[in-house]
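Here the chain labels run A, B, C and D in written order, and each chain numbers its own residues starting at 1.
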Amino acid sequence: MAVDPAPLGPHLRLRLFASLREAAGWGERHWPLAAAEAPTPRQLWQALALPGELLTIRVAINQQFASLDTPLQAGDELAFLPPISGG
Amino acid sequence: MAVDPAPLGPHLRLRLFASLREAAGWGERHWPLAAAEAPTPRQLWQALALPGELLTIRVAINQQFASLDTPLQAGDELAFLPPISGG
Amino acid sequence: MSSPSCRRSVVAEVSQALAASAGDRAPLLRIDLCAQPLLPWQQLQRWQLLLLDRGLIAPAESQFIGRVRPLAGDGSPLTRLELEHYPGMTERQLQSLAHAAAVRHGALAVLVQHRVGHLAPGEAIVLVAVAADRRGPAQRCCQELLEALKHDAPFWKREWRQDGSSDWLAGNTPL
Amino acid sequence: MSSPSCRRSVVAEVSQALAASAGDRAPLLRIDLCAQPLLPWQQLQRWQLLLLDRGLIAPAESQFIGRVRPLAGDGSPLTRLELEHYPGMTERQLQSLAHAAAVRHGALAVLVQHRVGHLAPGEAIVLVAVAADRRGPAQRCCQELLEALKHDAPFWKREWRQDGSSDWLAGNTPL
(Lines give C-alpha, C1' and ligand atoms only; values in the text may rest on other atoms or scores of the structure.)
Protein backbone atom coordinates (compact mmCIF):
# COMPACT_ATOMS: atom_id res chain seq x y z
CA MET A 1 0.00 0.00 0.00
CA ALA A 2 1.80 3.10 -1.24
CA VAL A 3 1.49 6.34 0.66
CA ASP A 4 0.26 9.23 -1.48
CA PRO A 5 2.72 12.13 -1.61
CA ALA A 6 2.00 14.94 0.87
CA PRO A 7 0.21 17.87 -0.82
CA LEU A 8 1.94 21.25 -0.76
CA GLY A 9 -0.97 23.09 0.90
CA PRO A 10 -2.54 22.58 4.35
CA HIS A 11 -3.48 18.97 4.96
CA LEU A 12 -4.11 16.19 7.47
CA ARG A 13 -2.22 12.93 7.70
CA LEU A 14 -4.61 9.97 7.99
CA ARG A 15 -3.70 6.52 9.33
CA LEU A 16 -5.48 3.18 9.56
CA PHE A 17 -4.30 0.03 11.38
CA ALA A 18 -4.76 -3.74 11.43
CA SER A 19 -8.17 -5.06 10.27
CA LEU A 20 -9.37 -1.57 9.32
CA ARG A 21 -6.28 -0.92 7.19
CA GLU A 22 -6.82 -4.18 5.36
CA ALA A 23 -10.56 -3.66 4.86
CA ALA A 24 -10.01 -0.14 3.53
CA GLY A 25 -7.06 -1.13 1.33
CA TRP A 26 -4.81 1.70 2.55
CA GLY A 27 -2.82 2.49 5.69
CA GLU A 28 -1.78 6.10 5.23
CA ARG A 29 -2.89 9.02 3.11
CA HIS A 30 -3.16 12.79 3.11
CA TRP A 31 -6.28 14.90 3.17
CA PRO A 32 -6.06 18.46 1.82
CA LEU A 33 -7.80 21.12 3.88
CA ALA A 34 -9.35 24.35 2.65
CA ALA A 35 -8.25 27.46 4.58
CA ALA A 36 -11.04 27.72 7.16
CA GLU A 37 -11.92 24.04 7.20
CA ALA A 38 -11.76 22.11 10.54
CA PRO A 39 -13.43 18.76 9.99
CA THR A 40 -13.99 16.31 12.86
CA PRO A 41 -12.90 12.65 12.83
CA ARG A 42 -16.61 11.70 12.61
CA GLN A 43 -17.04 13.82 9.45
CA LEU A 44 -13.90 12.38 7.88
CA TRP A 45 -15.02 8.80 8.64
CA GLN A 46 -18.15 9.51 6.58
CA ALA A 47 -16.35 11.41 3.83
CA LEU A 48 -13.85 8.54 3.43
CA ALA A 49 -16.70 5.97 3.39
CA LEU A 50 -14.59 3.70 5.63
CA PRO A 51 -15.84 0.13 6.16
CA GLY A 52 -17.31 -1.13 9.45
CA GLU A 53 -19.03 0.46 12.42
CA LEU A 54 -17.70 3.76 13.78
CA LEU A 55 -19.04 2.64 17.19
CA THR A 56 -16.21 0.09 17.52
CA ILE A 57 -13.50 2.56 16.46
CA ARG A 58 -11.37 4.83 18.64
CA VAL A 59 -9.54 7.81 17.22
CA ALA A 60 -6.15 9.27 18.01
CA ILE A 61 -5.14 12.81 17.08
CA ASN A 62 -1.40 13.38 17.03
CA GLN A 63 -0.96 9.98 18.67
CA GLN A 64 -3.24 10.70 21.62
CA PHE A 65 -6.75 9.33 22.13
CA ALA A 66 -9.33 11.99 21.24
CA SER A 67 -13.04 12.53 20.83
CA LEU A 68 -14.77 11.86 17.50
CA ASP A 69 -15.92 15.45 17.51
CA THR A 70 -12.61 17.27 17.98
CA PRO A 71 -12.06 19.85 15.20
CA LEU A 72 -8.90 18.99 13.28
CA GLN A 73 -6.22 21.43 12.19
CA ALA A 74 -3.78 21.45 9.32
CA GLY A 75 -0.75 19.31 10.20
CA ASP A 76 -2.70 16.99 12.49
CA GLU A 77 -2.21 13.23 12.30
CA LEU A 78 -5.54 11.42 12.62
CA ALA A 79 -5.68 7.65 13.18
CA PHE A 80 -8.74 5.40 13.22
CA LEU A 81 -8.03 2.47 15.57
CA PRO A 82 -9.99 -0.80 15.41
CA PRO A 83 -10.51 -2.69 18.73
CA ILE A 84 -7.22 -3.06 20.61
CA SER A 85 -5.85 -6.48 21.63
CA GLY A 86 -2.50 -6.12 23.34
CA GLY A 87 -0.65 -7.68 26.24
CA MET B 1 18.52 -25.91 75.39
CA ALA B 2 18.82 -29.68 75.93
CA VAL B 3 15.87 -31.92 75.22
CA ASP B 4 14.85 -34.09 78.14
CA PRO B 5 15.05 -37.82 77.38
CA ALA B 6 11.73 -39.42 76.33
CA PRO B 7 10.10 -41.28 79.23
CA LEU B 8 9.47 -45.00 78.83
CA GLY B 9 5.73 -44.80 79.48
CA PRO B 10 2.97 -43.00 77.52
CA HIS B 11 3.80 -39.37 76.93
CA LEU B 12 3.34 -36.27 74.78
CA ARG B 13 6.09 -34.42 72.94
CA LEU B 14 5.86 -30.68 73.55
CA ARG B 15 7.41 -27.97 71.35
CA LEU B 16 7.80 -24.22 71.56
CA PHE B 17 9.07 -21.83 68.90
CA ALA B 18 10.64 -18.40 68.44
CA SER B 19 9.75 -15.77 71.09
CA LEU B 20 7.78 -18.29 73.14
CA ARG B 21 10.68 -20.75 73.20
CA GLU B 22 13.02 -18.03 74.39
CA ALA B 23 10.64 -16.68 77.01
CA ALA B 24 10.00 -20.18 78.38
CA GLY B 25 13.65 -21.19 78.25
CA TRP B 26 12.99 -24.52 76.52
CA GLY B 27 12.07 -25.66 73.02
CA GLU B 28 11.19 -29.30 73.42
CA ARG B 29 10.24 -31.60 76.29
CA HIS B 30 8.18 -34.64 77.12
CA TRP B 31 5.08 -34.83 79.25
CA PRO B 32 4.22 -38.19 80.80
CA LEU B 33 0.57 -39.22 80.68
CA ALA B 34 -1.35 -41.38 83.16
CA ALA B 35 -3.30 -44.24 81.55
CA ALA B 36 -6.72 -42.61 81.14
CA GLU B 37 -5.47 -39.01 80.90
CA ALA B 38 -6.33 -36.91 77.78
CA PRO B 39 -5.41 -33.31 78.58
CA THR B 40 -6.19 -30.48 76.15
CA PRO B 41 -3.64 -27.91 74.91
CA ARG B 42 -5.42 -25.29 77.04
CA GLN B 43 -4.95 -27.42 80.19
CA LEU B 44 -1.29 -28.04 79.38
CA TRP B 45 -0.66 -24.33 78.79
CA GLN B 46 -1.87 -23.70 82.33
CA ALA B 47 -0.07 -26.70 83.82
CA LEU B 48 3.22 -25.59 82.21
CA ALA B 49 2.70 -21.99 83.39
CA LEU B 50 3.91 -20.74 80.03
CA PRO B 51 4.58 -17.00 79.69
CA GLY B 52 2.37 -14.65 77.64
CA GLU B 53 -1.25 -14.60 76.57
CA LEU B 54 -2.83 -17.83 75.31
CA LEU B 55 -5.11 -15.62 73.15
CA THR B 56 -2.18 -14.82 70.81
CA ILE B 57 -1.04 -18.46 70.54
CA ARG B 58 -2.06 -21.09 67.98
CA VAL B 59 -1.55 -24.77 68.61
CA ALA B 60 -0.56 -27.59 66.30
CA ILE B 61 -1.14 -31.24 67.11
CA ASN B 62 1.02 -33.62 65.10
CA GLN B 63 2.06 -30.67 62.91
CA GLN B 64 -1.48 -29.63 62.00
CA PHE B 65 -3.34 -26.60 63.36
CA ALA B 66 -5.83 -27.73 66.01
CA SER B 67 -8.26 -26.37 68.56
CA LEU B 68 -7.13 -25.51 72.11
CA ASP B 69 -9.69 -27.98 73.39
CA THR B 70 -8.73 -31.09 71.44
CA PRO B 71 -8.07 -34.04 73.82
CA LEU B 72 -4.49 -35.23 73.39
CA GLN B 73 -3.35 -38.85 73.18
CA ALA B 74 -0.10 -40.57 74.06
CA GLY B 75 2.40 -40.13 71.24
CA ASP B 76 0.97 -36.78 70.10
CA GLU B 77 3.30 -33.89 69.31
CA LEU B 78 1.87 -30.63 70.64
CA ALA B 79 3.33 -27.27 69.60
CA PHE B 80 2.47 -23.82 70.92
CA LEU B 81 3.02 -21.30 68.11
CA PRO B 82 3.48 -17.56 68.76
CA PRO B 83 2.19 -15.15 66.08
CA ILE B 84 3.42 -16.17 62.64
CA SER B 85 5.42 -13.79 60.42
CA GLY B 86 6.41 -15.50 57.20
CA GLY B 87 6.73 -14.58 53.55
CA MET C 1 22.02 -2.14 30.55
CA SER C 2 20.38 -1.86 27.14
CA SER C 3 18.96 -4.95 25.50
CA PRO C 4 20.02 -5.91 21.98
CA SER C 5 16.53 -7.16 21.15
CA CYS C 6 14.49 -4.29 22.51
CA ARG C 7 14.11 -0.82 21.14
CA ARG C 8 14.21 1.76 23.88
CA SER C 9 11.64 4.49 23.46
CA VAL C 10 12.90 8.06 23.41
CA VAL C 11 10.00 9.09 25.61
CA ALA C 12 11.18 6.62 28.25
CA GLU C 13 14.69 8.07 28.23
CA VAL C 14 13.38 11.57 28.71
CA SER C 15 11.02 10.60 31.49
CA GLN C 16 13.75 8.71 33.25
CA ALA C 17 16.03 11.70 33.17
CA LEU C 18 13.20 13.77 34.63
CA ALA C 19 12.57 11.11 37.25
CA ALA C 20 16.22 11.11 38.26
CA SER C 21 16.27 14.88 38.63
CA ALA C 22 13.00 14.95 40.57
CA GLY C 23 14.56 12.93 43.40
CA ASP C 24 13.54 9.81 45.27
CA ARG C 25 9.83 10.07 44.72
CA ALA C 26 9.62 9.74 40.93
CA PRO C 27 9.25 6.11 39.89
CA LEU C 28 11.98 4.58 37.75
CA LEU C 29 10.32 3.51 34.49
CA ARG C 30 11.74 1.24 31.86
CA ILE C 31 9.61 0.60 28.79
CA ASP C 32 10.69 -1.31 25.70
CA LEU C 33 9.10 -2.59 22.52
CA CYS C 34 10.92 -5.71 21.39
CA ALA C 35 11.09 -6.92 17.80
CA GLN C 36 13.11 -10.01 18.76
CA PRO C 37 12.26 -12.86 21.19
CA LEU C 38 11.73 -11.59 24.71
CA LEU C 39 13.49 -13.66 27.40
CA PRO C 40 11.73 -12.69 30.62
CA TRP C 41 14.30 -13.99 33.12
CA GLN C 42 17.16 -12.24 31.37
CA GLN C 43 15.20 -9.02 31.28
CA LEU C 44 14.22 -9.34 34.94
CA GLN C 45 17.79 -10.00 35.97
CA ARG C 46 18.99 -6.96 34.02
CA TRP C 47 16.28 -4.87 35.60
CA GLN C 48 17.29 -6.10 39.05
CA LEU C 49 20.85 -4.97 38.36
CA LEU C 50 19.54 -1.60 37.22
CA LEU C 51 17.59 -1.19 40.48
CA LEU C 52 20.63 -2.18 42.55
CA ASP C 53 22.68 0.29 40.53
CA ARG C 54 20.23 3.04 41.53
CA GLY C 55 20.39 1.93 45.15
CA LEU C 56 16.81 0.70 45.09
CA ILE C 57 16.08 -2.28 47.33
CA ALA C 58 12.50 -3.28 46.67
CA PRO C 59 11.00 -5.32 49.51
CA ALA C 60 8.15 -6.37 47.19
CA GLU C 61 8.19 -7.21 43.50
CA SER C 62 5.25 -8.39 41.46
CA GLN C 63 5.59 -9.68 37.91
CA PHE C 64 3.43 -10.91 35.08
CA ILE C 65 4.41 -12.75 31.93
CA GLY C 66 1.97 -13.33 29.08
CA ARG C 67 2.76 -15.94 26.44
CA VAL C 68 1.33 -16.93 23.04
CA ARG C 69 -1.35 -19.63 23.38
CA PRO C 70 -0.88 -22.84 21.40
CA LEU C 71 -4.38 -22.64 19.91
CA ALA C 72 -6.17 -19.98 17.86
CA GLY C 73 -9.54 -18.64 18.97
CA ASP C 74 -11.33 -21.23 16.81
CA GLY C 75 -9.46 -24.09 18.53
CA SER C 76 -7.18 -24.90 15.60
CA PRO C 77 -3.39 -24.96 16.11
CA LEU C 78 -1.81 -21.53 15.88
CA THR C 79 1.29 -21.28 13.71
CA ARG C 80 2.17 -17.75 14.73
CA LEU C 81 0.82 -14.61 16.31
CA GLU C 82 1.37 -11.26 14.63
CA LEU C 83 1.45 -8.12 16.76
CA GLU C 84 0.93 -4.81 14.99
CA HIS C 85 1.37 -1.50 16.79
CA TYR C 86 1.23 2.23 16.14
CA PRO C 87 4.87 3.33 16.19
CA GLY C 88 5.25 6.40 18.37
CA MET C 89 1.81 6.29 19.96
CA THR C 90 2.28 2.80 21.42
CA GLU C 91 5.52 3.74 23.18
CA ARG C 92 3.97 6.99 24.42
CA GLN C 93 0.88 5.25 25.75
CA LEU C 94 2.89 2.53 27.51
CA GLN C 95 4.99 5.22 29.09
CA SER C 96 2.02 7.26 30.21
CA LEU C 97 0.07 4.23 31.53
CA ALA C 98 3.12 2.95 33.42
CA HIS C 99 3.80 6.36 34.93
CA ALA C 100 0.18 6.83 35.99
CA ALA C 101 -0.02 3.36 37.57
CA ALA C 102 3.32 3.79 39.37
CA VAL C 103 2.32 7.16 40.81
CA ARG C 104 -1.18 5.95 41.76
CA HIS C 105 0.28 3.07 43.78
CA GLY C 106 3.48 4.73 44.95
CA ALA C 107 5.61 2.09 43.17
CA LEU C 108 9.39 2.50 43.19
CA ALA C 109 9.98 1.15 39.69
CA VAL C 110 8.08 -0.32 36.75
CA LEU C 111 9.34 -2.45 33.87
CA VAL C 112 7.28 -3.11 30.73
CA GLN C 113 8.60 -5.19 27.84
CA HIS C 114 6.20 -5.84 24.98
CA ARG C 115 6.77 -7.79 21.79
CA VAL C 116 5.85 -6.64 18.30
CA GLY C 117 6.13 -8.58 15.03
CA HIS C 118 5.69 -12.32 14.58
CA LEU C 119 5.71 -14.72 17.56
CA ALA C 120 5.66 -18.51 17.85
CA PRO C 121 3.36 -20.32 20.33
CA GLY C 122 4.86 -20.26 23.81
CA GLU C 123 6.90 -17.11 23.19
CA ALA C 124 6.57 -14.29 25.71
CA ILE C 125 4.37 -11.39 24.52
CA VAL C 126 4.53 -9.13 27.52
CA LEU C 127 6.43 -8.75 30.76
CA VAL C 128 5.31 -6.34 33.48
CA ALA C 129 7.26 -6.00 36.72
CA VAL C 130 6.60 -3.63 39.60
CA ALA C 131 8.90 -2.95 42.54
CA ALA C 132 7.35 -1.38 45.62
CA ASP C 133 7.78 -1.02 49.33
CA ARG C 134 4.89 -3.35 50.19
CA ARG C 135 3.26 -6.35 48.52
CA GLY C 136 -0.21 -4.79 48.16
CA PRO C 137 0.85 -1.82 46.00
CA ALA C 138 3.26 -4.02 43.99
CA GLN C 139 0.52 -6.52 43.15
CA ARG C 140 -2.22 -3.98 42.51
CA CYS C 141 0.00 -1.79 40.33
CA CYS C 142 1.14 -4.79 38.26
CA GLN C 143 -2.44 -5.97 37.78
CA GLU C 144 -3.85 -2.55 36.89
CA LEU C 145 -1.05 -1.74 34.51
CA LEU C 146 -1.55 -5.03 32.69
CA GLU C 147 -5.27 -4.27 32.22
CA ALA C 148 -4.49 -0.71 31.18
CA LEU C 149 -1.99 -1.74 28.52
CA LYS C 150 -4.32 -4.44 27.22
CA HIS C 151 -7.09 -1.91 26.73
CA ASP C 152 -5.36 1.41 26.11
CA ALA C 153 -2.11 0.75 24.29
CA PRO C 154 -2.52 0.41 20.51
CA PHE C 155 -1.60 -3.21 19.75
CA TRP C 156 -3.47 -5.53 17.41
CA LYS C 157 -3.13 -9.31 17.39
CA ARG C 158 -3.58 -11.47 14.31
CA GLU C 159 -3.69 -15.24 14.55
CA TRP C 160 -2.13 -17.20 11.69
CA ARG C 161 -3.29 -20.79 11.17
CA GLN C 162 -1.72 -23.79 9.46
CA ASP C 163 -3.76 -23.38 6.26
CA GLY C 164 -2.33 -19.88 5.78
CA SER C 165 -5.55 -18.15 6.85
CA SER C 166 -5.56 -15.50 9.56
CA ASP C 167 -7.89 -13.42 11.73
CA TRP C 168 -7.45 -10.14 13.54
CA LEU C 169 -8.60 -10.49 17.14
CA ALA C 170 -11.44 -8.15 18.03
CA GLY C 171 -10.48 -7.77 21.70
CA ASN C 172 -8.71 -9.37 24.66
CA THR C 173 -9.22 -12.73 26.31
CA PRO C 174 -11.46 -12.34 29.37
CA LEU C 175 -9.76 -11.62 32.67
CA MET D 1 16.19 -29.92 38.10
CA SER D 2 16.98 -29.99 41.80
CA SER D 3 18.50 -26.94 43.37
CA PRO D 4 21.67 -27.25 45.39
CA SER D 5 20.54 -24.57 47.84
CA CYS D 6 17.01 -25.74 48.45
CA ARG D 7 15.85 -28.72 50.41
CA ARG D 8 12.99 -30.49 48.64
CA SER D 9 10.22 -31.60 50.97
CA VAL D 10 9.25 -35.26 50.94
CA VAL D 11 5.59 -34.27 51.03
CA ALA D 12 6.08 -32.31 47.81
CA GLU D 13 7.61 -35.35 46.09
CA VAL D 14 4.70 -37.56 47.06
CA SER D 15 2.06 -35.04 46.05
CA GLN D 16 3.76 -34.52 42.72
CA ALA D 17 3.78 -38.24 41.99
CA LEU D 18 0.07 -38.29 42.84
CA ALA D 19 -0.51 -35.28 40.62
CA ALA D 20 1.28 -36.96 37.73
CA SER D 21 -0.81 -40.10 38.05
CA ALA D 22 -4.06 -38.14 38.35
CA GLY D 23 -3.61 -36.77 34.83
CA ASP D 24 -3.77 -33.28 33.33
CA ARG D 25 -5.99 -31.69 35.92
CA ALA D 26 -3.77 -31.98 38.99
CA PRO D 27 -1.59 -28.90 39.39
CA LEU D 28 2.18 -29.32 39.27
CA LEU D 29 3.50 -28.17 42.63
CA ARG D 30 7.07 -27.41 43.53
CA ILE D 31 7.76 -26.34 47.10
CA ASP D 32 11.19 -25.81 48.62
CA LEU D 33 12.63 -24.48 51.84
CA CYS D 34 16.02 -22.94 51.15
CA ALA D 35 18.80 -22.62 53.72
CA GLN D 36 21.11 -20.86 51.26
CA PRO D 37 20.59 -17.60 49.28
CA LEU D 38 17.59 -17.78 46.99
CA LEU D 39 18.24 -16.47 43.49
CA PRO D 40 14.75 -15.82 42.07
CA TRP D 41 15.64 -15.58 38.38
CA GLN D 42 17.60 -18.81 38.46
CA GLN D 43 14.77 -20.58 40.21
CA LEU D 44 12.19 -19.18 37.78
CA GLN D 45 14.24 -20.22 34.80
CA ARG D 46 14.62 -23.74 36.18
CA TRP D 47 10.91 -23.89 36.84
CA GLN D 48 10.20 -22.74 33.30
CA LEU D 49 12.33 -25.61 32.01
CA LEU D 50 10.45 -28.02 34.26
CA LEU D 51 7.12 -26.80 32.84
CA LEU D 52 8.38 -27.14 29.26
CA ASP D 53 9.61 -30.61 30.12
CA ARG D 54 6.07 -31.53 31.22
CA GLY D 55 4.65 -30.03 28.04
CA LEU D 56 3.01 -27.18 29.94
CA ILE D 57 2.76 -23.89 28.04
CA ALA D 58 1.33 -21.36 30.44
CA PRO D 59 -0.26 -18.38 28.68
CA ALA D 60 -0.24 -16.48 31.98
CA GLU D 61 2.33 -16.43 34.75
CA SER D 62 2.18 -14.32 37.87
CA GLN D 63 5.10 -14.01 40.30
CA PHE D 64 5.94 -12.39 43.57
CA ILE D 65 9.31 -11.88 45.22
CA GLY D 66 9.66 -10.65 48.80
CA ARG D 67 12.99 -9.29 50.01
CA VAL D 68 14.52 -8.32 53.35
CA ARG D 69 13.94 -4.64 54.14
CA PRO D 70 16.98 -2.49 54.87
CA LEU D 71 15.48 -1.14 58.10
CA ALA D 72 14.18 -2.85 61.22
CA GLY D 73 10.68 -2.11 62.52
CA ASP D 74 12.06 0.64 64.79
CA GLY D 75 13.72 2.39 61.83
CA SER D 76 17.29 1.43 62.73
CA PRO D 77 19.47 -0.35 60.14
CA LEU D 78 18.89 -4.09 60.03
CA THR D 79 22.03 -6.23 60.05
CA ARG D 80 20.25 -9.51 59.34
CA LEU D 81 16.88 -11.19 59.42
CA GLU D 82 16.51 -14.59 61.04
CA LEU D 83 13.76 -16.91 59.86
CA GLU D 84 12.79 -19.76 62.17
CA HIS D 85 10.39 -22.48 61.05
CA TYR D 86 8.80 -25.68 62.32
CA PRO D 87 10.58 -28.43 60.37
CA GLY D 88 8.03 -30.82 58.96
CA MET D 89 4.94 -28.74 59.65
CA THR D 90 6.16 -25.76 57.60
CA GLU D 91 6.77 -27.89 54.49
CA ARG D 92 3.43 -29.67 54.96
CA GLN D 93 1.54 -26.40 55.36
CA LEU D 94 3.19 -24.80 52.32
CA GLN D 95 2.30 -27.87 50.32
CA SER D 96 -1.28 -27.91 51.48
CA LEU D 97 -1.79 -24.14 51.01
CA ALA D 98 -0.26 -24.26 47.52
CA HIS D 99 -2.40 -27.22 46.53
CA ALA D 100 -5.59 -25.62 47.84
CA ALA D 101 -4.90 -22.30 46.07
CA ALA D 102 -3.97 -24.03 42.79
CA VAL D 103 -7.13 -26.15 42.81
CA ARG D 104 -9.34 -23.20 43.83
CA HIS D 105 -8.11 -21.13 40.87
CA GLY D 106 -7.52 -23.95 38.40
CA ALA D 107 -3.83 -23.08 38.13
CA LEU D 108 -1.58 -25.32 36.02
CA ALA D 109 1.48 -25.09 38.25
CA VAL D 110 2.68 -23.40 41.43
CA LEU D 111 6.21 -22.73 42.64
CA VAL D 112 7.00 -21.70 46.22
CA GLN D 113 10.57 -21.10 47.40
CA HIS D 114 10.98 -19.83 50.95
CA ARG D 115 14.16 -19.01 52.84
CA VAL D 116 14.99 -20.13 56.36
CA GLY D 117 18.02 -19.20 58.46
CA HIS D 118 19.87 -15.89 58.43
CA LEU D 119 19.37 -13.35 55.62
CA ALA D 120 21.08 -10.06 54.73
CA PRO D 121 19.09 -6.94 53.75
CA GLY D 122 18.01 -7.16 50.11
CA GLU D 123 18.12 -10.96 50.01
CA ALA D 124 15.04 -12.75 48.68
CA ILE D 125 12.85 -14.29 51.40
CA VAL D 126 10.09 -15.77 49.31
CA LEU D 127 9.27 -16.47 45.69
CA VAL D 128 5.77 -17.48 44.58
CA ALA D 129 5.01 -18.18 40.92
CA VAL D 130 1.74 -19.35 39.42
CA ALA D 131 1.20 -20.57 35.86
CA ALA D 132 -2.37 -20.59 34.57
CA ASP D 133 -4.40 -20.46 31.41
CA ARG D 134 -5.60 -16.89 31.98
CA ARG D 135 -4.18 -13.83 33.71
CA GLY D 136 -7.00 -13.48 36.27
CA PRO D 137 -6.55 -16.89 37.90
CA ALA D 138 -2.75 -16.59 37.75
CA GLN D 139 -2.79 -13.23 39.56
CA ARG D 140 -5.46 -14.13 42.08
CA CYS D 141 -3.87 -17.48 42.94
CA CYS D 142 -0.45 -15.87 43.42
CA GLN D 143 -1.90 -13.16 45.64
CA GLU D 144 -4.03 -15.50 47.76
CA LEU D 145 -1.24 -18.01 48.21
CA LEU D 146 1.13 -15.27 49.37
CA GLU D 147 -1.39 -14.13 52.00
CA ALA D 148 -2.06 -17.72 53.02
CA LEU D 149 1.59 -18.56 53.54
CA LYS D 150 2.19 -15.33 55.43
CA HIS D 151 -0.59 -16.15 57.86
CA ASP D 152 -0.79 -19.94 57.95
CA ALA D 153 2.70 -21.33 57.43
CA PRO D 154 4.76 -21.48 60.64
CA PHE D 155 7.61 -19.03 60.10
CA TRP D 156 8.91 -16.51 62.60
CA LYS D 157 11.05 -13.48 61.78
CA ARG D 158 13.60 -11.98 64.10
CA GLU D 159 15.29 -8.67 63.30
CA TRP D 160 18.93 -8.31 64.35
CA ARG D 161 20.28 -4.78 64.78
CA GLN D 162 23.79 -3.33 64.70
CA ASP D 163 24.10 -3.18 68.51
CA GLY D 164 23.54 -6.95 68.69
CA SER D 165 19.98 -6.61 69.98
CA SER D 166 17.09 -8.38 68.29
CA ASP D 167 13.30 -8.59 68.26
CA TRP D 168 10.89 -11.27 67.16
CA LEU D 169 8.24 -9.79 64.88
CA ALA D 170 4.72 -10.19 66.21
CA GLY D 171 3.06 -10.39 62.79
CA ASN D 172 3.29 -9.42 59.14
CA THR D 173 3.70 -6.02 57.51
CA PRO D 174 0.30 -4.69 56.41
CA LEU D 175 -0.90 -5.60 52.93
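Quick notes
Operating definition for what follows: a contact is a pair of C-beta atoms (placed from the backbone, for glycine too) under 8 Å apart; a residue touches a chain by one contact, two chains touch by 3 or more.
Values in this document were obtained by computation on a predicted structure and should not be read as measured data.
Touching subunit A and subunit C together: no chain. On a Cα centroid basis, the chain most remote from subunit D in this structure is A.
In this assembly, the C-alpha centroid of subunit C lies 24 Å from the C-alpha centroid of subunit D. Measuring from the averaged C-alpha position of subunit A to that of subunit D gives a distance of 50 Å.
Once the centre of each chain is set as its mean CA position, subunit B and subunit D turn out to be 27 Å apart.
In subunit A, no residue touches at least two other chains. Of all residues in subunit D, those that touch two or more other chains are 66, 146. Chain pairs recorded as touching, per the definition above, are A-C, B-D, C-D. The touching residues of subunit B, when paired with subunit D in their complex, are 15, 17-19, 22, 56, 60, 63-65, 79, 81-87. Within the complex formed with subunit D, the residues of subunit C that make contact are 40-41, 44-45, 48, 52, 57-70, 121-122, 134-136, 138-139, 142-143, 146, 173-175.
Subunit C meets subunit A in the complex at residues 66, 83-86, 88-89, 92, 114, 125-126, 146, 149-158, 168-172.
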